[in-house]
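Dropping the structures in below, format is structure tokens.
Shared between the two complexes below is chain A, which pairs with chain B and chain C, respectively.
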Partner chain A sequence: MFETLHRYRYHYLMLLPGLILGGMFVFYPIVAACYYAMHDWSGFNSDKVFVGMGNFVKLFSDPIFWDAFKRSLVFLLGTVPLQMSVSLVLAVLLNNQLLKMSTWFRTMIFLPVVTPVAVIGIIWTFLLSPFNGPINGLLLDLGIISRPVDFLGSSATVMPSVIGVYVWKWLGITLIYWLAALQTVPDEVYDSAKLDRCRGARLIWYIVLPIILPFALAILLISAVGALNVFPLIMSMTNGGPFFASEVMEIFIYRTAFATGDGSIPRLGYAAAAGVFFGVVVLSLTILQAIATRRARASAKQVRS
Partner chain B sequence: MRHRLSPLRIVFGEHRATTRIAVMSTVLTIVCLIWIYPFVWMISTSLKSNSEMFANPGIVPQSWAWENYGRAWTEANMGKYFFNTLIVTVGSVVLVTTCTSMLGYVLGRYRFPGRNVLFFAFVATVFIPQGFTIIPVFELLSWLGLSSSLFGLTIATSGHAMVIFVVLFAGYFSQLPRELEEAARVDGVSFLRIFWYVMLPLARPMVVTVVIMQVLHAWNDFLLPLVVTLANPAIRTLSVGIYAFKGEQFIDWTGMAAAATISILPIVLLFILLQRYFINGLAGAVKG
Partner chain C sequence: MTSRNRSGLSRRAFIQGTTAIVAGTALGAGRSLAQTVPAPINTIAEGTTFRWIDSGDQKAVFYKKFFADYAKDRGVEVVYDALPWNEIAQVVPLGVRNNSAHDVFALPQNVNPADAVAQGWVQPYDDFIPNIDEWKAGFPDGAFLPGINEFDGKTYGLPFTSNKRYGTHLLYNKAYMEAAGYDPEAKPLSWSEFRDASRKITEAGKGRYFGFIIGGSQLGRWSQTIRNMGRMAGASAGGDSVIEADIDFRTGEYVFDSDQYIAAIELLIAMQSDGSVFPGVMSMNAPQARAFMPQGAAGMILQGPWNIGGWEGNNPGFDFGVSSGPVPDEGPVGKLTIGQGALAPNTMWLFKGSELGPIAGDIFHYLGTLEGQTAWANIVGAGDPPIFPAALDGAEMSARSKAILQHFNDAIRVGPNPIVGNAELGKVIGSFQAPEINFARTVQGLVAGELKGVAAEMKGLKDRYNASLDAAFAAAKADGAQVDRSDLVFANWNPDVDFGAADY
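Up next is the complex of A and B:
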């Protein structure tokens, strides 16, 4: 025992700083969140009362929680396919070596990615504003609408608006991922496809996509997890409103745990239980994806050999 | 099917590649200009007076109200918040890169007791959402007496994002050839020196990836700084600061547009100057 420790002393030494950091902010919080989830706890200075699975039982019969959960799913299904398909089309166009201004286009599309989310939220609140907002102004001038639409203020339009802004904000990063994937496709593939008179959408769909399938799954996972972490955008655009119409899981957790402005007491244990449930869902998604990637890699190898 | 006629083909013929490129460029230019319109609008609004903003929907401001920037800088405390964000970003980049490169190196290249357990623990937690851990993180910081300090914010920002970087580094280090390392060991170079002088320089592309991703993360982070600065507004970051400014000054659009412009300027300039590194760095995340 001591001998092994001594033999690998430098290895363990190098692990130490990272393990302290990870222990404090990754591993401990996960364990602690599970612990809190089993307690009734109303504030950082108050006592915790053990309630076992009570928080989860309450959670599962809480319609506000399920609505938030459903909204997170709606958000996921609304953003990921849109983001992935639009950025793939752009990536295929920009991957064309004859396109001289390709870098410029890429820079412009990437610009929202480097802009802090809170700033994006504020700009878009203005752009979408029903009071002299430029988008309403344009739509009115074109005669598409007859009176201003309160995009972020009515429950019918708030989710599509936030989804649109989210896709605009993060499309650039998916584009970079697709471009990286496309660059792994050897030129010979395109040459032989050209000989077979296979081009355009069919070339992409039947020849290029199967080759980059493992990448596509990785990109899918990154995008899906990103779409579940939308707290900053929604918080800075709508605060989850109007009347909870854009309250996704993370806003629900934040509001239950920290937001005491409306006079209600913070319910940290309850919020932690929601967090644990959300974490388990994300983890299952990850595992499913890992299995899918492994299968895709295996079949891609079979095709090549 | 071979000679299916698309409108473009009728107009330009089949082999006019240059014409097709020209059409594509034009379409993409229009798309991109619409794409960046929010930024153009923001800069234009930041230079209009509050009364002009409603009267003149055009892009070119008539009054050139530079005083908006002065107001944003002093009233919205942008100067202070900018400095805070810079400290958190630089601090967390240094901390994250050091810790994760060492972790990734050892986990990726060596088999020792406990290695598999550790590696699995990191992989399994890669995608844990921030909402899951925010409550214990805040409590831990309070317990350490760091709940309203820039240092606390910096280490918490580093801790949250590090897991994916460990996995990326481990993947990258595991595929480097053994020979260099062995040659150095034969020459009597110590373990830590081999890492620092031989292996880390070889992993430069992945270091760039991690630095860029952490800069983006720290600059964009919102939930953590929001929670940590609830009690101490003096240490707000730009993101939280501009969010608070919006709550306090909802009618001052032009002041807010100026504040927004200030807060994106540094990171946009950095991106344009180091664009190659940004793009290659991010591409490294899916390739690795």
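Up next is the complex of A and C:
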């Protein structure tokens, strides 16, 4: 073993910076979060009491935590299918070399991706404003509504609004993934399909989609994990309100750990427990997706051959 | 040497910073900013870097000028950081933990002073101000209090601004109000008139402007508004720390389910139903809401005196009036109760790890003299009034500022402060965990229509707060504190008069 270590010492040396940085900024925080999750601690004083699994027990009986968890799932289910299907349709259209201005369309759709989330959040707050907001103005002018809609101030409309903004913001990145996936479909496959008079939707459904299925699962995974990381957008648009209506898990964790008011003291230990639980859920999702991707890749090979 | 100012880049910090800068520029244009740096009271080592952090706003306007002059005069560098409270809540504890905290800091709002002393965050500054007792005697009664800013006979906190202000008085568009047929400066609006004025202004606005606006996504606006309306309607209760807020000291019980609090919430719900509340208030914070006023988009806002200087400076064409918050339709107007003469969030503390106590003492001393207090009043005005009443006499201030400060003197009384009666209550404050669906959220939920049944919800809220308070007492007792809920009862309290040291 030592001989192997010695032989590859330069290789290991090259790995060292990554390991150190990963240790500092990835592994240590994970270990620290697990450690804090087992303590009743505000985070700012020395009164740190070991409570074992106590925080988790409390967490599982906390209806506000479960509501936030459900909202995260609703957000995930609301954004990912929409984002993937719309971007796939756009990718199929824009993948057509004969379509004029496809580069321009791609750029326009990608533009929100490179715009900072906080800027997007603030701009959309203005756009959706019930007072002089252009969206309400348009809906009023068209006679669709008779009174301005308080999109971000009503529990009925806040989640669909934030979901809509999120999908708009990240549509471009999913589009790029789909385009990359579509470009892996060999030209011969298209040519063969044409010879067999398989065109249009049938071509996409029976030929293209099975080939790009492994990519679809990878894109699904990336989109799903992305949809669970919506802290800056929701903070800049709604702060989790009104009355918890847009409080997803990350906002719950942040509010519990730091943001305080009206006599609340931070509960870093409790927030860490929520974070650990949420992390485990995301990790499970990732593992499931990895397994599914592997299986899909195997079946895609069969289609190609 | 130089003075350096930094501020965060968060949206709130940006808004606050911009407001402060613009206000400062405007104030500077219209009013003398003359400040003289007094002779040093301590030997100051040149070339050192002294750091100070607080929540900025209008304080920043004063400090930017003062610290620049001070640094130049003393041959030191002064770094002044103005951060929003949520960032102070992270920066200060981290700094203390890493022994790199600012020399002087404002305590995060969730850290009570007794804890800060017990945890070794701060040090007394008695040794850095010669004849400190004589200096302290210049402050009004109730500025220095054991358990608040004095511990074990030593002085820890600098209480230099007044707590005699409240953040929900009426600011209104004069033209709109006149058209609605009211003159709140001549006679404060009653609750019914407030609702009627809001309706009339909205009708006149025809969708271009509305009667009433509030920063409804900023939760504290809801609790403050209902608390102050309820207390002015006669639900006497404290309003400061968690062992005072909404507690009637005569009984030691919460007043959340009082008729006055319930009626105040129902009034806001009714105004919402009238359609006379600005659309979109639930997704708007306080700075956004108040920014709509000078634009003429809303007729009335219940806010604080810090708007006066900003609007007068930035929007000289905006004709606005200031008056008392809405008063009850009938019966006497209740007084608002404060727990101490000094504004707690502005109280400054000397970091235990700081070796620059002489500089801190030098600056603290100046801020606690009539000269320093007058310089403060000249710049900060009614927004953050100085604690020396005499400083207001000599200060240059607008008529609106003077009128609202006069109103504060009429409307506010110093009430009992339980921690003065029993310093060990600090452990209760440290253990108190407000219910997750707290007062502010409950009011927001009721006005937004997310919660139904005001009376039942407020009763439930009272039960939740009682459970939290009982748990905090139990935790403090388990920690060895000699405390009891009867410590919150002051049977001799008369809400209409100041509660002095002799009354404890």
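We adopt the following convention: the second predicted complex is superposed on the first by the 294 of 305 C-alpha atoms of A that agree within 3 Å, B and C clash if a C-alpha of one lies under 4 Å from a C-alpha of the other, contacts with A are read in each partner's own complex, and residues count from 1 in each chain.
Here is the rule we go by: a contact is a pair of C-beta atoms (placed from the backbone, for glycine too) under 8 Å apart; a residue touches a chain by one contact, two chains touch by 3 or more.
Keep in mind that this is a model prediction, so the values were computed, not measured.
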| task | Give one of first, second, both or neither to describe whether A:Ile122 is in contact with chain B, with chain C, with both, or with none. | result | both
| When both partners are placed on the shared chain, which of chain B and chain C touches more of chain A | B
| message | According to the stated criteria, A:Pro81 is in contact with first (chain B), second (chain C), both, or neither; which is it? | response | neither
| task | Check whether A:Leu179 is in contact with chain B, with chain C, with both or with neither, and answer first, second, both or neither. | result | first
| message | Quick check for you: in the superposed arrangement, does A:Arg106 touch first (chain B), second (chain C), both or neither? | response | first
| query | Is A:Ile64 contacted by the first partner chain B, the second partner chain C, both or neither? | reply | second
| request: Considering only touches as defined above, state whether A:Gly52 meets chain B (first), chain C (second), both or neither. | output: neither
| said: According to the stated criteria, A:Ser154 is in contact with first (chain B), second (chain C), both, or neither; which is it? | reply: second
| First (chain B), second (chain C), both or neither: which does A:Ile265 touch? | second
| said: Is A:Thr238 touching anything from chain B or chain C once the two structures are fitted on A? First, second, both or neither. | reply: second
| What is the shared patch of chain A, the residues that chain B and chain C both contact? | 44, 118, 122, 125, 236, 258
| Complex contacts: residues of chain A adjacent to chain C | 43-46, 64, 118, 122, 125, 129-131, 133, 148, 150-155, 158, 236-239, 241-245, 258-267
| query | Any idea which chain B residues touch chain A in the complex? | reply | 2, 17-18, 21, 24-25, 28-29, 32-33, 35-36, 38-39, 41-42, 45, 53-54, 57, 95, 98-100, 102-103, 105-107, 110, 112-113, 118, 121-122, 124-140, 142, 155-156, 158-160, 162-163, 166, 190-192, 195, 216, 219-223, 226-227, 230, 238-240, 242-243, 246, 253, 256-257, 260, 263-264, 267-268, 270-272, 275, 278-279, 282-287
| task | Going by the contact rule at the top, pick out the chain C residues touching chain A in the complex. | result | 11, 86, 89-90, 93, 108-111, 115, 119, 210, 216-217, 219-220, 223, 242, 245, 278-285, 292, 297, 430, 432-434, 436-441, 444-445, 448, 450-451
| message | Which stretch or stretches of chain A touch chain B in the complex? | response | 4, 8, 10-15, 17-19, 21-22, 24-30, 32-33, 36, 44, 93-94, 96, 98-101, 103-127, 132, 134, 137, 168, 173, 176-177, 179-181, 183-184, 197, 215, 218-219, 221-222, 225, 228-229, 231-232, 235-236, 249-250, 253-254, 257-258, 268, 271-272, 275-276, 278-279, 282-283, 285-286
